[in-house]
Each structure stands twice: as C-alpha cells, then as structure tokens.
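Below: a set of structures, written as structure tokens.
Next come two complexes built around chain A: one with chain B, the other with chain C.
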Partner chain A sequence: MEVLYYPGCSLKNTYPEFEKSTYAACEKLGINLVEIPEWNCCGVVPSLATDNVMRHLGAVRSFINAQEKGKEIGTNVVVTLCSMCYNVLKRVNLILKEQADVLKNVNDFIDDQPDYVPELEIVHFLNLLKNVGFDKLKERIVIPLRGLKVAPYYGCALLRPDRPKGVPIDDPENPTVIENLIRSIGAEPAEFPFKTECCGNYHIVFEPGIVEMRTKKIIGSARSEKADVILSPCPLCTYNLQHGNETLDRSEQVPVIFFTQLLALSLGVKSHLSTEMENQILKKIGGEKFV
Partner chain B sequence: MSEEKNPMATIYIMGKAYKVPNTLTIMKAIEYAGYRFIRSCGCRGGFCGSCTTFYRVKNDYKLYVDLACQKRVEDEMYIVQLPFMPAEKPKWDIDKMKPTTDEVIRVFPEIARCLSCNVCTEACPQDIEVMRAIQALRRGDLEDVVNLTFDCISCGACSIRCPAEITHYQVFQLARRLHGKYETIPAKHLMERVKEIEKGNFDDKMSKLMDMNVEKLKQLYKKREIEK
Partner chain C sequence: MSALTAHRERPTKEKIGVFVCHCGRNIATTVDTKRVVEEILKHPAVVHAEDYDYVCSSPGQELIEKAIKEKRLTGFIVAACSPSLHETTFREVAERTGLNPYKCEIANIREQDSWVHEDKEKATEKAIKLTKSAVEKVIRNEELEPIKVGLYKKALVIGGGIAGIRAALDIADAGFPVVLVEKGSTIGGHMAKLAETFPTLDCASCILTPLMSAVAHHSNIRLLTLSEIMDVEGYLGNFHVRIKKNPRYVDPEKCNLCNDCVDICPVTVSSEFDEGLSLRKAIYIPFPQAVPSSYLIDLDACLGMNPITCGKCAEPDICGPEAVNFDDQTEIIEEDIGVIVVATGYELYNPENIGEYGADKYLDVITSLQFERLLSPSGPAVGIPKRPSDEKIPKRIAFIHCVGSRDERHQPYCSHICCTYSAKHALLFKELVPDADIYSFYIDIRAVGKNYEDFIRRVQEEAGVHYIRGKVSRIYEQDGKVKIFGVDTLLNKRIEIEVDMAVLALSMVPAHGIEDLASKMRIQIDGSGFLQELHPKLHPVESATSGIFLAGAAQSPKDIQDTVAQASAAASKALGILTQEKISHIPTVATVDTDLCSGCRLCISVCPYGAIKLIDEKAEVKEVLCEGCGACVSTCPSDAISLRNHTDEQVSSMLKALVGEI
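After this line comes the complex of A and B, so read on.
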C-alpha cells in the first residue's frame, strides 16, 4: 500500500525516533510512506476566526504538493503522525471541502501553484493501522509484549474539537483505538481515566507551572494503574509529559514513548528506543532471551 | 523624428513625473532626471543589492521589486528606492551553536510565524524562492536552505514585505554559516593558507604594500594579473 506522508516540523527536528520507528514498522507491514515533496509547516494553530484563511496557507500549499505527488503514485490518502499537524490539516481540509468560497479565496491567492481540488483524505496513522486491521497486525507480531502494562494517552488534538464535523479519530469521550493497538501487540492496556486530559499544551512556553500541574495528574494516574510506560501519539504531549517526569522523583516517574516505538519493537524491527528503555521493556516481558 | 528613434517614457520618481528615454535602466533614468546618487547605488552590475527598487506600473495592482541597475524603465512607472532595511542583527556565537533548526529558531523565533503566503518570493529581485527556503529550514534541511539562498544579496526586499516580520536575509546568513561550519568538509588549501598567514609568511609583502605611495599602488593595480 502506497500513501502520502506528511511528517511535520517536530518529527524532523525534535523527535526523529517517532518518524524512524514508524518507517521501520511500515516497511514490515508493507506500507510505503511517500513523503510529500516540499511540504510546508502546517501552521501549528488553526485559525479560530472563520475568515482568517491566511493562517491556512501553509496547510493548503502542502495539500497542493500532496495532490500533485498523489497523481503520480495514484493515491489521495495523506497520513500524519503528529497530533497537532493532524488536527490542523484535517480541519483545514474539511473547511475547504465544505466551503467553496474559502476554497476559491485561497486558490485565487495562491497564484504560483496549481489549484487545490479538495479530494485528499487526511488520515492519522492510528486509523491507518485500524483500517489495515488490528487482527491482521496481530499476525505480524514477532515479539508479543506479554506482561507489559501500557497507559494509552490520547491528549486533545486527535479528539477535539469536532468542528468541522469529522475531526476526531475516535469517540472523543472514550476512545479505544490505542487500547486496541496495545492488545494487538500482546500488551495490556491500563485503565487510564486521564487518557484524554490536556497536558497543558503551549503553556509550557510561558506558564510551565500549568503543564507541571496537569502532567503530574496524568502521570500519577498512569502510575496508580501500575503502567510500565505511557504511550503517546503527540510530540508536544510527549515533551510536556517528559517535562512533568523531570519534576517528579524517579520512583514516581512513568516513561513516555511513542506508540510507533512499541509497535516497531513488537514487529521485531528497530524501535529507536533508548537501549535502557528497550532492555527495561524486554526484561518486563520476561524475555531475557530478547535482551 | 528623433523622438520616434528614441521613444521617451514617463516615469514618476517618488511621485514626480519625468520624461526619460525608455532604453535606460531605472538607475540611469534617475540620473538622467537630474538626481545624484549618494546611496542606493553600488556596483551597477547587478550584484551588490544596494539599488533595490520598488515600483508599480499603470493598470497593474501588483507591487514589483527589481534592481535599479538591471531593470529597464517602462512608461508610467512609479518608482521608489529602498535606501535601507531597518533590522536589528541579533548576536550569535557560532562556536556555541549546533547546525539545527531549533538553534536558528532560538535566534530568530519569528520564522515560526511564517504564513506560507510567498510574498517574500515575489519581492526578491534575485528570484530566490525565499518562502521555500524558510520552509526548508523548518523541515530541518540546512543544505537546501544554503542552495536556495546562495544568490541572496541581503537587500531586505523580502523582509519589508513579510507579514510575519521575518528578516530572511539574516536568517539565511546564519543558516549558511552553520552549514558551512558544521556540515561541510573544510577546504584543505584554505586551512593551510590561514596557517601560513598566521605564521607571518606574508607580513613583509603586506607592509611593503602599506608603505607604497598611492601612484605606485595605482600602477601596480593596473598591471595586476587578471583571470581571463
């Protein structure tokens, strides 16, 4: 299966392990990620004013490049990994699909590229896995992570807001897609009431105290459920949760890793986890033989 | 009759109309109109970027940018030159930096505000794809930034148009220096020459030049070896 892939700035600059583990897993699963040439920064925060389409130009330019590349390889599916990029791209694409005047406006403004015909589908990697089928995924697992308890963290951007309709990747109140992934790789999902709690987002810049307060609760919840790791789908959440961990005693910390790292590990390919972390997980699943 | 051979164009220099031969460059036309350059004029060869000029033409809403020494006048052209681009140059210590986007963003946080409007590219008199270069930087591809911006003359036309208030030419300079210092192989012959200079191999020749009188210097300059 060949799909277009939008990496986003965080994966290229801050968390290359997120991208690398995904590539490793995809190769094993027969998914060919084709990076969109010359993709632009998504714009990070979607405009809340309905007429401020200027803020969406970065996303639209990436769509145009994706559209042209998609014609070459014969797909209209764009996969993203970063929650924030997913949220922005999904929302902008839905706006362009639904509002012909906005679409005309941006196409008129962008007079140095072909027009965007809003036929792309923006899909988060978790839903791509779901479409492949978690049962099928299970058959490909080489190292089932039996005995590992995993807290599935969702954060906000994958689930909220449901406007325009169709943004959430799952039920916003009680999502289960990460739990299903955890089960399919042989691990046990922790009951994790804080799984959709906000990490504090960009308050990390000017009010890190807010992030510390919130992530302490999230990490504490995972800890009380005896989770070995927190599985995160989001670079910013990961950054904030790791910051939260740093403010806690070592005994109170719960390591935060990307879901694709655990997936890659169970598929028997390079997980891009730290050696310490990987050994810790392998020890936990009783597989001294794996260490 | 002579007017037909040499058709004239009406141009507006900062709002005032002048009739000038339409074969002239903007720079020559400004001088033809009687102005004497004390700035906004440098090499006259399309390299230095001093003579960056903004203009509009009749019945066209677009604002254009070009080098005055390179662009020919057109009839009904409204002209103003950019004497100086106001921008503070932040201080950075290249020895304490890493060749990453995050480091560049620390010095120039405003690059994160890029709207992808591409107005910078339209403004560039050197036809540099300015927005592409900023986005390449965001993607963490310093080498791409360097290759895209090699022809930058630091005129600042992009920066004066940017809604995110990025000073692109300074950002690109930092990117080029980081790439040059950390991501390219140092030129061996250059290192050797620097060592020779530090050893004082050229001190004699240098002081001989410094002591020479102006006339002799001029003669020497005229007789210099020129690459053909």
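After this line comes the complex of A and C, so read on.
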C-alpha cells in the first residue's frame, strides 16, 4: 500500500526516532510511506488561532505538492504522525472541501502552482492502523509485549476541537484507539483517567511551572495505575511529559515513548528506543531471550 | 377605534364587514391599520370596516356582533393572527349572531405579515392585499353545516405511569370504560421507584400504590400489561386499535404470591426495578406492590421453556394453584375506541454517552434513579445508601446537575426536575448520615414550582449542602476514591475534590419507541423528540390529530405535580368528547364530481388520511376522514375533485386580489 506522508518539523528535528520507528514498522506492514516533496510548515498555532485563510496557505501548498505526487503513485491518502500537524491539515482540508469560496480564493492566490482539487484524505497514522485492522496487526506481531502495562496518553490535538465536524480521530471524551493498539501488540492498557488531560502545551516556553504542575499529575496518575510506560502520539506532549519527568525523583518517573516505537519493537524491527529503555521493556515481558 | 361606512353602489348582494386587529403592538407597529380600513372600504362588497386593539377580546367581539346586526352583514373578515389561533373564536361569534360560521374568514396579517416584515409601508400594502383576498374568498363561501358522526364511548390510555393512571382513573370515575395499555409487567412507572417526593417529602409509595390498587379494582378499567400498540386506524370517536399482549407465563387470577417459585428458580439476573443494583430471579415480581399482583417469567433469562432443562417452578408441589403456564401465548386484542390519551413517559439519558463522567466504568458513579433506589426504604440498601463498590456508607457525595441537559452536545433543553430532586437527595441523605459532606454542582438553580425555592433554601441553609456553581469536566476513580474536576465560577477557581460517590442527574429523554408509536397514531414529534402539543397555550394537551391527547413527560420533561395536572386536563378533554352523542367534523372537505372522475386512483395515493376509496371505479371521499388539505384536488388530472369553500374560482379571485388586479 502506497500512502503520501507529511512529516512536519518535530519529526525531522527533535524526535527523529518517531519517524524512524514508523518507517521501520511500515516496512514490516507493507505500507510504503512516500514523503511529500517540498512540504511546507503546517501553520501550527497561528493557523489554529484565526479563521483567516491566508494563515492556511502553508498547508495548502503542501496539499498541492501531495496532490501532484499522488497522481504519480496513485493515491489520495496523506498520513501524518504529529498531532498538531494532523489537526491543522485535517481542518484546512475540511474547510476547503466544504467552502467553495475559500477554495477559490486560495487557488486564485496561489498562481505559481496547479489548483488544489480537495480530494485528498488526511489521516493520522493511528487511523491508518485502525483501517488496516487491529486484528490483522495482531497476526504480524513477533514479540507480544505480555505483562507490559501501558498508559495511553492522547493529548488534545487528535481529539479536539470537533470544528469543522470530522477532525477528532475518536470520541473526544473517551477515546479508545490507543488502547486497542496496545491490546493488539499484546500489552495491557492501564485505566488512565488523565489520558486526555492537557499537558500544558506551549506554556513550556514562558510558564514552565504550569507544564510541570500538569505533567506531574498525568505522570502520577500513570504511576498509581502501575504503568511501565506512557505511550504518546504527540511530539509536544512528549516533550512536556519528559520535562515533567526531569522534575521528579527517578522513582516517581514513568518513561514516555512514542506509540510507533512500541509497535516497531513488537513487530521485531528497530524500535529506535534507547538501549536502556528497550532492555527494560524486554526484561519486563520476560523476553531477555530477544535481547 | 374608528368606524367608517361606505356609501357606494355595490354590484354584489354580499355585505361584508372587516375588523382589523392591532394585536396590541404586534400588528399595529408594522401595519397602518387605519389605512387598511380606508382601503378595504373601497371594495364593492365591503359595507363596514373598523380597527380595534384586540378584536378577540370581549369588547372586540361585541363590535362584530353590533356590526352584523346593524349593517345586516352577510359575512365578515377578521384581519388578525393565524386562523389556527382564533378562527374558531370568531366563527362562534358568527354563529351566535345568526350568521353561518363559514361566512367568517381570517386574513393573517400577523404571522404572515407584521411579524416577518420591518418596512411599515410595504407591510401595510401586504395587509391590504391579504385582507382583500380574504374578502374575495368569503363572498364566494357556501353556508356549510358541520358533518355529524357517532362515536365509541370508550377511552384508550397508553402508558401506566402516574400520568396514565391519573388519566385512566379520571375517565373511569366519570363512568366511561377505559383500556389502559402498559408495555411493562406492572403499572406505576418511574414514580414507583422513588423514595420520597419533593417539596413536601411525601413518601412516593403512599401516594402511588393506592392509585395503582384503584386501577386494579376499577370496574371501568381494562388493564393490559406487557402490551403494546400494534396499529391505530380510524379517526376521532371511531378509532380501531390492535394491541399485542405478550405472554406473562403466570396466570394472575391463580397466582397467590406464595413466592415458592422464586425460591426454587436457579437463575439470577440484575433487577430493572432496582436499576441494576440488586438481583432478581427469572420468575419474579418487580416489587411487592406491583399491579397486576402476580409473578411473571422473563423468557430471556428462564431455562424452563424446555421442561427437561428446568421447569421447576411449574411443578405442582411448587406452584399449588398451577398458575405457571409455559404455554401462555401472545394475544392480539382489538378495541373500538373513541378517544386516546398518550402518556408514555420518559427515560434517563444513557450515561455511556457522556464519556468524561465514566458512569459505565466506575461503580460508584451512579444515576439519580439508582440513588433514588438506594434511598428507598424498600430498595437494595434498605434505606441507608451504600456505595455499590464496597457497600460502605459514603461520607462524601457529589451531586452533578444538568448531566446531558442544557448541553449542545447532548440535550439542549432543561430537564426541569433535576435541581429540585438533587436537593431532595442531598437533604434525605443528610438526615440519614448527619456528618456527611455533600457537594452539589449546578449551572443555575431552576426550582420553578410552588414552594420549590423555599425547599432549595432549606437544603442550602439548614442541611449545609455545599452548592458550587460550575460544570464538572471529568469524573474518575483512582485509589478507591471518586475524583471530580470542576470549576467554581463564583470564586473563579478550578476545583478538584475527592468523594466516595458521585450521583449524575441525567437528562430526561422521551421513552424508547416513541417515534414508532407517534407515526402509527399520526401525531407529531417536536425537535427534542417529545410529543408535540397542538398549541402551547390554546391546546396544551391536544395532539394535531383530533381525539388524541397528551399527558406527562411524553410531552415534555416535568415533575409529578405538573404530570398529574396535565393528565387530569387530558382526561377532562377526553371526557368532553365522550359525553357527546355525536361529534362534529369540519365540512370543508373534498367532493368528487363522479361525471368527471376517470378512476385513475392518483388521489388515493396522495391522500395522507386514507380518506378516499374507489367505489364502482369512481373516487369517493369518506368525509369524516378528510381534513381538507387539498392534496387530492391539486393532483386530480380531470379536475373532478374540489374542496368546499376552496374552489378554483375562489383561489383564482384570491390570487387576483393578491397580485393587485382587484
């Protein structure tokens, strides 16, 4: 299966292990990720904070490149990994699909590229896995992570807001898609009431105290549910949770890893986890034999 | 007030009066009523015109009567609100003054003019045209008499909660037979589950069970439990209803309530009556005071339909009177009915739809009805609520208001009763556990019944319940405690508290299956899914279908007091029909010119009332079924059908008036 892939900035800079583990897992699953040529910044916060179409142009330029590449390889599916990129791209694409006048404005403005015909489908990698089917995924697992208790953390951008309708990848108040992934790779999801609580987001820049207050609660809840790791889909949440861990005693910390790293590990391909972390997990599942 | 009279030559014998209503400011602000009077007087048939503040009032009606007598009017127009409001009122004025009621027509210059326009000049022009068009119609109206038909003097009440019980008893006490149909195995509805009722704290059972018993023993009431409406045909006074009565597998006539069958039954399932907080057997009685007073077998749970598997309860040494009968069959019962009261009640919104409160995951997050069962002296906790997880008496409880109500993601409406019953819950619990800490999260306190505000104040001040204004964002359980995130919007502070148990005041939603029933009876559903009354003030208990009345929470969320009042109102409306010897039907119905009819049957397919049949290859209108909608008239390719007082000639002259040709 060929799909277009939009990486976004964090995966190329702060968290290459998120991207690399995804590539490894996809290769094993027969998914060919084709990176969109000359992709732009998705637009991030400025584009979330306003309705002004101009703020969305970065995303649209990427769509046009994706559309042209898609014609070559015969797909209209764009997959993202970063939660924020997902939210922005999904929203912009829905707006262009639903509002013909906005689409016309944007196409008139971008006169150095072909027109965008809003036929792309933006999906998050979790939804791609869901569409593949967690049952089918289960059959491909070579190292079932039995005995590993995993706290599923969702953050906000995958689930909120539901405007325009269709942005959330799951029920915003009680999502379960990461739990289903955890079960399919043989691990046990922790009942984790803080799974959709805010991590503090960009307050990390000027008010890190807010982030520390939030993440301590999230990590503390995962600890009291005896979770071995927190599974995150979001680069910013991961950054903040890791920052939270640094303010805690080692005994109170819960490691935070990307869901694709655990997926890659269970598929028997390179997880891009630190050696220490990978050994810790393998030890926990009684899988020293795999080391 | 200004009264003007025209003195001109008139080509028609008709002498029409026109009465233009100000409707207070409703019409007069946007329509120059004086000008309407002046202009309409130029119409050759109009001999009298005047305007007045409220034509529907008593002095307004006297103006009409006076003009009819003095000017010898042959017909009149009231230019006012929609005919659905006061057409009947003004036609009664015509009748008592000696005019045929069908020589009165309404020109709607409110809903169709003043309310929807701002430009006074243009709105006035429109009012003149609408009034003129009504004059054109009325001068061509025939004098008609209502169609009279006989009726079955028997009522059907659907739903055996407090609304249905009250309505059935009122009608039966007046001497008319009633068929009371209840879907469940007992009557009593939600009220039977309640501990005490606000604001007087009367015990619910003490009020309800005597009424249930009265139903059981009333010689005029035929009670059908485990029964559902299959279909309803016919019309006001002449409904034909088929009812499906599901088997009970225990003969209530023989059963002596010895309980031996329950003792021997090996199957336990969760009790619906106790809202899942206790267990019952497969053969059971929902609660001891149930009516009919008999056990029944839950076929889904029972092992014994194959006697080899079980069948213990049917053995003669267990059931002495041989009341258990595995061969009991579904029965189809047919009844001829004059009037119907629909009182199908409500259910609680499914808490699983509100993921952030986790009622489906956490044992100690319960619904308000579950708490009601825990408070009930005959409930699963025998009077002192214990939390479901460990059966300990909770010391800290949070009550959450508006769960699913006043929330655009769930129900936009207010459920009306939750503020007061949550206060009642807090008070009753505080009396049982005086050292308890109680929190009540609310958006606004809406305690709008008689004495309710005093009741809330008493709970806040005397019982010391902590009222916190703000929504709860999340409820979860951790380390054996229920944790609540919320906000206090008065202190502008985030709140995180730990309690032993949380009680959700879930919104009231219409009972499951109401849409299906409504479509069988051709009654309307409102935007929230409740049954739609004909008019909120003029016809609050009538449905849009004549002869079908509404009562209780099926029409809108309401408390017991309002439910009982509405049930009695519906019963008195029903009695108003049952006490008549004949009933009237509008005479403005479709008529067929059989010489022109080709028997193509197109009219039959478009008639929403099933009023047309083909007799001898010609369409024939059953007049009493026809509501005069005109669908057949516009469909007929041979122009063979016309509507009385709405003929092509009338429509064409009305159109001419509207486009300014007259």
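Operating definition for what follows: the second predicted complex is superposed on the first by the 285 of 291 C-alpha atoms of A that agree within 3 Å, B and C clash if a C-alpha of one lies under 4 Å from a C-alpha of the other, contacts with A are read in each partner's own complex, and residues count from 1 in each chain.
Everything that follows uses one rule, which is that a residue touches a chain if its C-beta (ideal position, glycine included) is under 8 Å from a C-beta of that chain, and two chains touch if they have at least 3 such contacts.
Quick caveat: nothing in here was measured; it's all calculated off a predicted structure.
Asks: Which partner does A:171 reach: the first (chain B), the second (chain C), both, or neither?
Replies: second
Asks: After the superposition on A, what does A:201 contact: first (chain B), second (chain C), both or neither?
Replies: A:201 sits against neither chain B nor chain C.
Asks: Considering only the touch criterion stated at the top, classify A:61 as touching first (chain B), second (chain C), both, or neither.
Replies: first
Asks: What is the contact status of A:261 with respect to chain B (first) and chain C (second): first, second, both, or neither?
Replies: So A:261 meets neither chain B nor chain C here.
Asks: For A:112, select first, second, both or neither according to whether it touches chain B, chain C, the two together, or no partner.
Replies: Touch status of A:112: first partner only.
Asks: Of the two partner chains, chain B (first) and chain C (second), which one does A:13 touch, if any: first, second, both, or neither?
Replies: Once the two structures are laid over each other on A, A:13 reaches chain B alone.
Asks: Who does A:253 touch here: chain B (first), chain C (second), both, or neither?
Replies: So A:253 meets neither chain B nor chain C here.
Asks: Of the two partner chains, chain B (first) and chain C (second), which one does A:40 touch, if any: first, second, both, or neither?
Replies: Once the two structures are laid over each other on A, A:40 reaches chain B alone.
Asks: Which bits of chain B are touching chain A when the two form their complex?
Replies: Listed in rising order, the residues of chain B that touch chain A are 100-102, 112, 114-118, 121-122, 132, 135, 138-140, 163.
Asks: Report the residues of chain C in contact with chain A in the complex, numbered from low to high.
Replies: Interface residues on the chain C side: 354-356, 358, 361, 474, 476-479, 483.
Asks: Where on chain A is chain C touching in the complex?
Replies: Result: residues 171-174, 191, 193, 197, 221, 224-225 of chain A touch chain C.
Asks: Residues of chain A touching chain B in their complex?
Replies: 7, 9, 12-14, 38-41, 43-44, 54-55, 57-58, 60-61, 109-110, 112
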